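Presented sequentially are two complexes of chain A, the first with chain B as partner and the second with chain C.
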Partner chain A sequence: MTSDALLFGLSGVLSSSAPILFGVLGETISERAGVSNLAMNGMILLSAMGGFAASLATGSLALGFLAGAAIGATVALVVAIASISFKQSQVAVGYVLAMLCRDLAYFLGNPIMGMPGPRLNLSPIPVLSSIPVIGTLLFRHDIITYSSFLLIFLSWFYMERTKPGIMLKGLGENPRAAYVRGANVNRLRYLYTVAGGAIAGLAGPIYSLSVKAGWKGTISGLDGIGWIVLSITIFGGWRPFRAAIGAYFFSLLQWMGLVLQPLMPNVPSQVLQVAPFPLMILTLLLVNIGNAEWVERSLSHLPESVRRDIAKVLTALNATPPAALGMPFDKDE
Partner chain B sequence: MPFRETAMRDDKKTRIIFGLGSVLAALALTTAIVAATGNNPLQAYGNIIQGAIGSPNVAANVLVSWVPLALATAGLLFTFTGGLWNIGIEGQITLGAIFCTWAMRSLQDTALSPGIIIAFAIAAGMLGGIFWALLAGALKTFGGVNEIFGGLGLNFVATALNLWLIFGPWKRPGVASMSGTLPFEPELWMPTVSAQSRLALIPLALAVLALVIAFILLRGSHFGLRLKAVGKNPKAAYLLGIPTWQHMLLSFALCGAFAGLAGAVQVSAVYHRLIPSISSGYGYTGLMVAMLVNFSPVFAGPVALFFAALSVGSIQLPIVLKLDSSLAGVIQGFLVLFVLIGNGLRLKLLGRKRGSI
Partner chain C sequence: MTIELRNISKHFGALKANDSISLAIPPGCIQGILGENGAGKSTLMKIFSGFLRPDSGEIVFDGKPLTIHSPDDAIRLGIGMLHQDPLDFPPFRVIDDFILGSPGGLVPDRRKALADFNSLSARFGFSLSPEARVASLTVGERQQLEILRLLWLGAKVLILDEPTTGISQTQKEKLFATLKALADQGMTVFFVSHKLEDVEALCSRAAVLRQGVLVGSMEKPFDMAALVRMMFGKEVELAAKSSMAPGKKVLTVKTGSVGSIRLRIKDVNLQVRAGEVIGIAGMEGSGQDLFLRACGGLVEPAGGQFCLDESETPMNGKTYHEYMRQGVAYLPAARLEKGLVPGLSLAEHFTLSVKPKGVFIDKKAAAALSEERIAAFNIKGWPDSPVESLSGGNQQRALLSLLPEKAALILVEHPTRGLDIESTIYIWGKLKERCAAGTAILFMSSDLDEILRYSDKVLVFFAGRVTPLIASESLNVQKLGELIGGVGWDAFQGNSNA
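Presenting the complex of A and B:
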């Protein structure tokens, strides 16, 4: 492979990570508040279809993205109502919505399937884009890819450096303490679930208006992405920068699958296309195994020096979810 | 929760009213959506009903698709009772189909009689499902990986494995294709009720048997009771001396056995070969059925039949009305969603009058 092709490939990895980043960071915000939105897979499909349909009908890309965010927010609102107000299991509601929204996307998207539609143009940044290597890699993208870089930083800044951000983490970590400090826990959970849903809902139109432009129904290749988004959220340990590493790592794997295909004629292309999915999800084993009791027990038999090194690696990889994730909060209990 | 005097009581009548209300709400919303797309909802429903019970042939097809759905649901009752979300069931069905195909391929040229070959193949399929379910279970109990994500990962692996076999080692002589492996000889097909029909009685009997086994084990056995304790509160169950992870793995294995059986039935009785989408989403739909019946082995069978009728009935929608057949999934999804929300609303109205979100 020439170095030019490599550079364009890596630049493509950055832009195809944009929808995953929006999904993962939206979900991270929601889960930090204590609500896991398992509807992600259906939600991305529905907002991809809805965003494309909206911008097809109005000719406006902005309205397409807005529609995607609105769909994400609406689905998240249903999760919030069912789990916060009605205390139903978040897993159950999320799973049903994941299935329902997927079928809704296919049903409602049937008439616009395969239609040519608007697509977001690249906006290379003047001057910066002509820097060798870095210019191609970082500064020749569309506006949404730039926004995804910004979103990583902004969500980190909000959670780690602002007062409401610290409170947000409290909602998922120790809602009782947050309540004592004056937070209206359930109202804030509503707010962050819906906001996280709106951010994650943008992932849909980012696909259908940019990364994989158009709506092609069941062969859009988007089914499954939402589950990847949810597992990257865990892999990311609910921290924006680590989540970003997970998103880029996944896109890199997918791109490598495409590049390696001609080199491995014996492996059917379908296999390489799905290969990153199990890899990504099985990395969860690495980030979770430190929590298992038997690991601790077997580690205690090892000599001190080895044990300390292994423990260090496991701790670095380890990700602990917000303590109150999935649990309803009732101030009277 | 302390008992509170309220205007509404949690009796059978209230439950039925809320159940009916949820179903009506789901139907109303689906109707509105179909109408909003510029189509006639009554025509669409009529087409679905026609497609499900309009002729003996389509009605038989509903039963054909009820078998794997009922098997999957029966299996899921065990994992749900153990408090586990076995989303990996889809891959367990696929592995059942793969193991079944493997056994048929290995035995088809031997001197064994077709009946024995099919029996071995079905057993192999069940083992395949158990194997895949125990992987998800081990990831959960020993690796700390949530069974939802471990299961999904294994689903993708199962799909990849299936495609690799169809396009690689097991490809048709000449050219591999999405239509699957070479069909088996007709004497290795499970006997159907008539030459034209796809309905075979043995799988039907096996599915009924699976539901009965689930009912007996979960409602009338010590094992069922302990599994329930593990599902409700694993820590408390452990302290009471119930071997927790063993029960979890056992429920995974039982679910995997039924899922593997479903996959084996699809290969030996329905398609007579391995195809890329062999699991056809039956596992995912089974999760919906199990949730809708609130994990009751009594209602699992009838509701699975209704879901199968919806799915089979909507197959004609794209041809006749130019509507996507995913309408069946939309109805199913709204039903489960509204029943969940209805349940929550009922408990909220019953439990507390002090208003707070």
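Presenting the complex of A and C:
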């Protein structure tokens, strides 16, 4: 493989990660507030179809993205109403919505299946894009990929450096303590669930208007992405930068599957296509290995100084979910 | 500031949690609020701190009636509450926890917050690192953080709900010194507790609640016997220590070691004989919990030999079920989370605790069994009460009643944490009954009085080291407190009693 091809490939990995990033960061925001939105898979399919349809009808890409965000927000609102106001299981509501939205996307998308439609153009950044290597890698993308870079930074800044952001983490960690410190817990949970849904909802049109432009029904190849998004949210430890690493890692694995195929003719292509999934699980296991009791016990034999360093690394790698994730809040209890 | 509570009443359904309570407190006073579990102390303080609205009555500051809508409102009026389980955010950095909830704009002024934090912290002699994670702090340090935060927000009245549960003796002394200093500066402190000795050591006045009614109040010096009578409406006697000749070996640990990433404890030698009570003391996180669990097969030891009975074959690597078959029982501190099954009723617990005959439940036998156990253990509840609806004391009684009749060794984490005197005495009465029948008890506790009062021998953990067994007669609170803090260890050349 030439170095140019490698560069373009990696650049492609960055842009094909954009929808996953939007999904993961949206879900991260929602789960940090204490609400897990498991409807993700159906939501992305529905917003991909809806965004494409809206854009096709109006000829406007912006309206397509807006429609995707609106669909995401609406699905998230249903999750929020059921789980916050009616205190129902987020898992049950999420699963049912995931299936409903998927079937709805296929059914409603039938008339526009396979139609040619608008597509987002690349907007290389002047000057910067002509820098060797980095220019190709980072500055020859469409606007949505640039936004995905920005979103990582913004969500990190919001959660780590601003007061409402710290409160957001407090909502999912200990809503009672958040309440004592002046937060209207349930109202804020509504806000963040819907906002997270809107951000994740953008993942759909990013596929149908850019990464995998068009709507091809069941062969769009989007079914399953939502589940990957949910697992990368966990891999990311509910932290934006780590989540981003997870998203890029997964896209990289997928790309390598494609690249390796011609080089390894003896391996059935299905193996390489499926490989990213078990590899993702394996990584998740390795990252969280410090949780296991036998690891702790075996490490305790090491001398004090080494042990302390390893403990630091394992603690840093270890991802604990927000303590009150999935639990309804009622101040009078 | 003079604070008055006037005719505060609060009902929950038919239950009168607070019945027309009136109390006036002058500034600079540490007011003790005493009462057994369920006496209405928490309800009163929740009303005071904005968690609950009273059905009737009012709170008056310097002659001005106040309406408090929320805890947020309360702190703006200068009322800060320190909850029994610290209401903080374990994964956060200390400084983030400190900042959260303070007024101000979008991006907090970290530099100012940090400076304020450090100066407040220095004023009270606390050594909290602002960059540490809250989860790495002890309960005592988390309280210190919460006190600093409330003071920073301008609290003039501080309410502490059972603050001495789960903190060490040294931390307790530091907490009391802090509270006294605050009171000297004119702050009003409410100290809610069921521990008489704490109220005696700290408070200048005490009010006693019983079944939602204010039954009396007293100024310093306190007549302890009278306070006990007020709390319970009757005399309560502490059981005398009964010692019996120790019987055969129940548990032998030879050069035992346990470890986690953070901690390693080596060369613990221990022999427990039938009928003995052995108390394990140490600061939270010194590894005593790990060791206790290793004795019951709940974590695998990292080395050494853990043998049961007179047997010489180590049980290392065997499961808890294996230990259980040999007569070991374990009572965890987290009663509801680890000991009982929330959602199941008392009757269902009893049914599960006996060996089943077939698959189906014999309803009649189950009902009879529950009636009998509930009566025998004096549990305030019905067979169909879900366990989570019981009070802490009754949950602990239920746990005790679930133990197999013929236990050789009972391992207990914090047997009476959070329980009132009456329940404490009852629980220990039951445990002692077991001892008289030849059961050995190995328990850990952060309450030094409890350790000294009930155990025959004591084992102290400090920074990865363990003392040999010390006869409890040779110890007092001060000496034990020092050992826990790492003072006076020169006397022991390692743990070497075999």
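Quick notes
The criterion applied here is as follows: the second predicted complex is superposed on the first by the 305 of 333 C-alpha atoms of A that agree within 3 Å, B and C clash if a C-alpha of one lies under 4 Å from a C-alpha of the other, contacts with A are read in each partner's own complex, and residues count from 1 in each chain.
Here is the rule we go by: a residue touches a chain if its C-beta (ideal position, glycine included) is under 8 Å from a C-beta of that chain, and two chains touch if they have at least 3 such contacts.
The shown structure was predicted, so the numbers you read here are calculated from the model rather than taken from an experiment.
Using the contact criterion defined above for the overlaid structures, shared-chain residue A:Leu282 touches chain B, although it does not reach chain C.
When the two complexes are overlaid on their common chain A, residue A:Met99 makes contact with chain B while staying clear of chain C. Contact with chain C, but none with chain B, is seen for A:Arg176 once the two complexes are overlaid on the shared chain. In the superposition on chain A, A:Asp309 makes contact with neither chain B nor chain C.
In the superposition on chain A, the chain among chain B and chain C reaching more residues of chain A is B.
Once chain A of one complex is fitted onto chain A of the other, the partner contacts of A:Lys331 extend to both chain B and chain C. Residue contacts after overlaying the shared chain place A:Val267 against chain B, while chain C stays out of touching range.
Legend: residue contacts after superposition of the two complexes on their common chain; A:Phe86 is shown touching chain B, with no touch to chain C.
Once both structures are placed on chain A, chain A residues 290, 294, 331-332 are touched by chain B and, in the other complex, by chain C. Taken in their complex, chain A has these residues touching chain C: 161-164, 166-167, 169-170, 173-174, 176-182, 290, 293-297, 299-301, 304, 307, 310-311, 314, 320, 323, 331-332. Listing the residues of chain C that touch chain A in their complex gives 51-52, 70-72, 81, 83, 87-92, 96, 99-102, 104-108, 258-264, 299-300, 302. In the complex of the two chains, the chain B residues touching chain A come out as 33, 37, 85, 87, 139, 142-146, 148-150, 152-154, 156-157, 159-160, 163-164, 167-168, 176, 276, 284, 287-288, 291, 322-324, 326-330, 332-334, 336-337, 340-341, 343-345, 347-348, 354, 356-357.
Here chain A touches chain B in the complex through residues 38, 78, 81-82, 84-88, 91-93, 95-97, 99-104, 106-111, 186-187, 190, 217, 224, 227, 230-231, 234, 266-268, 270-271, 274-275, 277-278, 280-282, 284-285, 288-292, 294, 330-332, going by the rule given at the top.
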